[in-house]
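This is the structure I have questions about; it appears just below.
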Amino acid sequence: MSERAHDWEGVLAEAHAAARPHLEEGRVAQYIPELGHADPRWLGLAVHTTAGNRASVGDASRPFTLQSVSKVFGLAAVLAHEGDRIFERVSREPSGDAFHSIVRLEEERGRPRNPYINAGAICVASRLPGTTAEAKVSALQDFLAEAGGERLELDEAVYRSECRTGSRNRALAHYMEHWGVIEGADVAVDAYFRQCSLRIDARRLARLSLFLAHGGADPESGRRIVSEAHSRTLVALMTTCGLYDGVGGFAVDVGLPAKSGVSGAILAVVPGEAAIATFAPALDDNGNSVGSLHALRCLAERTGTSLFRGHQGDLA
Amino acid sequence: MSERAHDWEGVLAEAHAAARPHLEEGRVAQYIPELGHADPRWLGLAVHTTAGNRASVGDASRPFTLQSVSKVFGLAAVLAHEGDRIFERVSREPSGDAFHSIVRLEEERGRPRNPYINAGAICVASRLPGTTAEAKVSALQDFLAEAGGERLELDEAVYRSECRTGSRNRALAHYMEHWGVIEGADVAVDAYFRQCSLRIDARRLARLSLFLAHGGADPESGRRIVSEAHSRTLVALMTTCGLYDGVGGFAVDVGLPAKSGVSGAILAVVPGEAAIATFAPALDDNGNSVGSLHALRCLAERTGTSLFRGHQGDLA
Amino acid sequence: MSERAHDWEGVLAEAHAAARPHLEEGRVAQYIPELGHADPRWLGLAVHTTAGNRASVGDASRPFTLQSVSKVFGLAAVLAHEGDRIFERVSREPSGDAFHSIVRLEEERGRPRNPYINAGAICVASRLPGTTAEAKVSALQDFLAEAGGERLELDEAVYRSECRTGSRNRALAHYMEHWGVIEGADVAVDAYFRQCSLRIDARRLARLSLFLAHGGADPESGRRIVSEAHSRTLVALMTTCGLYDGVGGFAVDVGLPAKSGVSGAILAVVPGEAAIATFAPALDDNGNSVGSLHALRCLAERTGTSLFRGHQGDLA
Amino acid sequence: MSERAHDWEGVLAEAHAAARPHLEEGRVAQYIPELGHADPRWLGLAVHTTAGNRASVGDASRPFTLQSVSKVFGLAAVLAHEGDRIFERVSREPSGDAFHSIVRLEEERGRPRNPYINAGAICVASRLPGTTAEAKVSALQDFLAEAGGERLELDEAVYRSECRTGSRNRALAHYMEHWGVIEGADVAVDAYFRQCSLRIDARRLARLSLFLAHGGADPESGRRIVSEAHSRTLVALMTTCGLYDGVGGFAVDVGLPAKSGVSGAILAVVPGEAAIATFAPALDDNGNSVGSLHALRCLAERTGTSLFRGHQGDLA
C-alpha cells in the first residue's frame, strides 16, 4: 500500500481538539497508587509513518509507563525468541471478560485466552529468556532497543507500587503454575510488573512500534525485528483482543489494531502506513483512555484509515 | 483502494487444491438432522469483485442454507430499518463463549454480547419489521433482493428440522424475554429459524455480499443498501465476532472479516475489493467449515489481502 | 424419639411476638404481580405434632399459594410414582446459585443440581403421571389429598399471573429439553406453574406435611404416603437445598429441615415430632420470608429442636 | 437425648465388613505426592460416645494427616478466639463447586462461600492468633490439646509435599488478599498447609471431636471448648458444606454432619451421642473416601441415627 498523503500535523491538531473536552469524563487509575498522580488533563498524540514522517501534539514527550501496551512487545520478543510454541501455553481468542478475570482461566484449565489479558501476558513474560525477572526484562529492553533505537528504563516508583498492589496478578500466576502452564510464578509476575513499569512517551512509542506497521521490519534501520507472519500475529491480536471489553466497539468506531494500557496510553497501527501513540491518563469503565479513544476516533474518521471501510474513493 | 490485479481464477483453483485434502478432517453438523445429509467432499468457492470480476470453482452453484451467515444480513436489514438503536439491546463485544452459550446472557442480564452469536441474532430478528415471523423474514427477503438482485427462498425441510431441534434457541429467546430485551420470544425464534433456512449458493452469496466490500452500496446497481458507517459496523463485527471461538486464530491466519455458518459456508470480505463465499459442509470443533478455512487461508496468503499485513511491496 | 412436652401454644405466641417487629424489613414479591397484593403485616404460624397436638397463631387460616413449597410435594409424588429413577435426571446437591440460575445448568449439561431449585422442580413436574399439565397436577392433587385429607384447589388468578411472567422458567424448561433431560418443555412448565398456584393455609400445610415428620406415613390415618427412605430423602434435601442461598445460615441459626416459597411460606419439619408452617409475605434478598425466618429462629431456640445441638440436658 | 444403647463394637464390625469390598473402587490422592504412598486397603473405624464408651476396628491407630478435616478445628479455634466476626470474611453457604474452585471467589468479590472449602479455610487460618504460620498452628495445636488431651504433631514430609504442590491454594490466598478479605497471603497459606499436615489416627480423632457431639464442651474433662452456639455452627456447616460436591447425597444416604479430608478420613458427629472417625485412603471423584462413605452408610442404617428419620420406634 503506497502511503496516502495525509496532513498528519493537521490531523493530530484536529484529534487533540476533539478529545480535549472529554478528558475529565474518565478517571485516572487508582489501583496502582503511583499512577494516581497523573493529571487527567494531559493529552499527547504522536504519529510516525513508515515513510519517515513524524508529527506530534500536546504532551507527546511526557513520560508514562507502558503498562499493558508492554504486552505487545513482550509477545513480540517471545515470538522472536521461541516462535509459535508460545501458543501451546496461551490461546489466541478474545476473552469476553474483564482483563484480570480468573474465571475463564479455570474453565480453560489454566491456559489464558490470549496474550493481551493479564494472565496471558504473565505467561508470555515467563517465556522471556533468562531465569530471573531482571534478566528477562533486560532481554526485553535489549529487544526494544533493537526495534526503536533506545533502551527504555524502569520507573522504580511505579514498579514498587505494582509489587505492593499486585495480589490479583500473583493469584493468576500461581493458578497457571498449578495447571503447569507456567513454571516459576514469582519470577513471572515480577518480570511482568517490571515490563509494565518501563518508561516511555508517545513520540518514542510511535517510533518504537514502526515495525508493527511495516511487516515486522523497522523501516528506518532496515532491521527485521520479527518475521512478517509474527508481525501479522501481533497486529491481528491487537484487533481482536487489544482493548479489553471495548475491543468490539473500537473495531466499529475506529477500525484500527490497537493496544491500551492503564497509564492512559493507546498504541494503534495503520498497517503499511504508520504507528500512532496516544496518552491521556483518565480511563473509562473498560480501563481504556477516554482521551485516547476520542482522539483515535477523530483521526480514523478524518483519514479514512479504518480497515473495514470499503470505498476509499469517497474520501476527497 | 484501487483494485489489485489478482488472477482470481488461478487463486481459487489453488485454494481449492489446498483445501481438498482436509475436507474429511471435519464432521458434517448433525444437530439439525436435515444438514446431516450433506456430503463432506463438497467444496465450492466463489469471488465477486467490486470492479465486476467473477470467478468460481467446484460446488459453487450447489445450494446450501445461510444458517449463521444470515446473522450479517439480519443485522444489515435492522440497521437499515431502525439504525443503531438495536445496540441498546445487543452489545458489540466478542463473547469468548460457544455460539449458543446461555451463561454469558445471565451475567449480562439478558443482553447478548454481539449480534453474531445466536442470542444476539434472535434479538436482531425480533426487530425485523413485521409482527409475524413470516412478515419479518419476508422483509429480510425483500432487503436481500434489493442488495443482490434476487429473492432467496426458504428451504422448508431445513426449516422444519430447525424447529424440531431448536430447544436451546427457544431457551435463549425466553430468557431474553424475561429480561425485557426482546418481546415475543416465539415469533423471534421462528423468524430466526426461517432466516437460517434461506437457500443460496456460493456464487450468489458472493454477489449478494458485494455491498459489504463497497462501503454499503451495491457496486453493480449503484443502490445504497446500508450507510457507510453501518457497512463498517457489519464488517468490523465480522472481524471480532464472526467465527465463534475461532475468530482470533482466523484473524491471525487469514486476516479478513468473515462470518461462518453450520451449513459449511463462510462469507469473507476484502474491504474495497471483493466478496468471497466458500462452502464445504464438514466442520471443526468450533463449528467452522474445515474446507472453507483451508481455502481462505491459502487465498489470503496467495493474494496478500490480510488486513494486518504491513509491507504490500514484498508481494510480487 | 418420644415427643418432648413442648407448650406449643406458648412457643408460637413467643415466636409471633419475636417476628412481628421485623415484618416490614422485607419486600413482598413483585415479579408475579398477583403475589404483590399481599399485606406485609400478615403473619401466621401453625404446628401439628405426630402425636396429634395442634397449635396456631395469627393468620394461620389465611390462604396463600404453595409456590416453591410445592417442590417438596411434587418430588414426593414422583418418588412415590417412579422411585429413585428421578435422580437420573436431577442431582441431589446444593447449588450455591440463585434459585432460578441458568448458569449452573449449562455447566452440568442440562441436569439440575437438585429438585428444589426451579429447573429441578420443572424436571420433577415433567415426571408426574399424565400427559397434560392438567392431568399431572390432578395427580399431585390426588396425592396430597391422600396425605392430608383434602384436595388443594388452583388459584386461577395466581396461575394466570405465573403464566404471563414465567419467561425465565420457560427458558429453563426448553434448555433442559435441549439436553434431553426432559421431554415436553411446555407441558412441564405449565404443570409447574399450576402446582405453584395451589392454594393452602398454614394450618393445612402443617397438617398435610405430617408424613415428612413421621417417616413417610401419615400418623393420623396410618396411611403410608412415601417410603421411609424417600421421606428421609425429602427431608435431607430440605436441609441442604431448601432455602435458596440462605440454606447454610438457616442450618446454623435454626437447624431444621425447611422449604420456603415466594408467597412467604416456610414449611419446617422436626423429624419424629412435628410439622411447622409459617406465613409472612415480605421476603429478604434471598427470597425467603423475613417473618417466617424470625419466627422459626425463636421457635427453634425456645424448643431446642435444632438437629445440630448436642446437650439436650441443658434445656429445662 | 439420652444415649441409645447401640452395640458399637458390633456396628463397627458390620460397617467394616460392608465397606471392605469397595475399598479399591476409589483412588488414593496423588496430587500431594506424600499421600500417594497410602495403601488403598487400609480401613479404620472408631467411635467415642459422650457417655464415655469407645469402640474401634481395623486400622484405627494407623496415623494419617488431618487434611480438610482440620478445617472444622481451625474454625473452632477462630470462633473461640474472635467469635462470629470471622463470618464478615467468609459466608456460611454451600458452594456447589469443587472444593478448590476459584470461580465462585470472583463472583463474590473474594469472600469464600463457607469455611470448609479451601479458600474459606485459608481465610480462617489467617485469623488464627499469631503473626507467623508457626505461631498460628501452634495456637491451633494448643486448642486441640485442650479439647482432646494431647498435642498433634506436624508430619514434616506431608507438609513439605503440600508446599511443593500448593500453587492453587497460593492462588486462592493471593486472590483473597487482592479483595482485602485476608492480609498476609503467604503466611495464611503456610498456616493452612501446616494444619492440614497435623498427624492423628481414627481413635484419637473420635476422642478429640467429642465436644462437637456434646454442645461444645468435652464430656470427659468437662471443659468448655467452644460455646453451645458455636458448636451448632460447626456441626450445621458440616451438614451443608462438609463433603464437597457429595454433601447432598451424603445427607440423603447417611444423614449425619461430617467432614472429609483427602487423606481418606471422615469425621462424623451424632449430636448428643457420639463422634465417629473413619479412615480409608482411596477417594471417589468428589474427593471423599469410598471406604469411609460405605462404612458410614452402613453404620447410620444400622443405628438409625440419620438426623432426617422420623419414626424412631420402627427400630427394634
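Note that the chains take the letters A, B, C and D in the order they are written out, and that residue 1 is the start of every chain.
In the analysis below, a residue touches a chain if its C-beta (ideal position, glycine included) is under 8 Å from a C-beta of that chain, and two chains touch if they have at least 3 such contacts.
Please read all numbers here as calculations on a predicted model, not as lab measurements.
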Pair joined by more contacting C-beta pairs (C-D or A-D): C-D
Computed distance of Cα centres, chain D from chain C, in Å: 31
CA centroid of chain A to CA centroid of chain D, Å: 48
Shared interface positions of chain B, touching two or more other chains: none
Chain-level touch network, classified as line, ring, star, complete or other: ring
Chain C-touching residues of chain B, taken from the complex the two chains share: 101-103, 105-107, 167-168, 170-175, 177-178, 185
Footprint of chain B on chain A - complex, ascending: 1, 50, 91-97, 104, 113-114, 212-217, 228, 231-233, 235-237, 239-241, 245-249, 251-252, 255, 257, 271-272, 306-312, 314
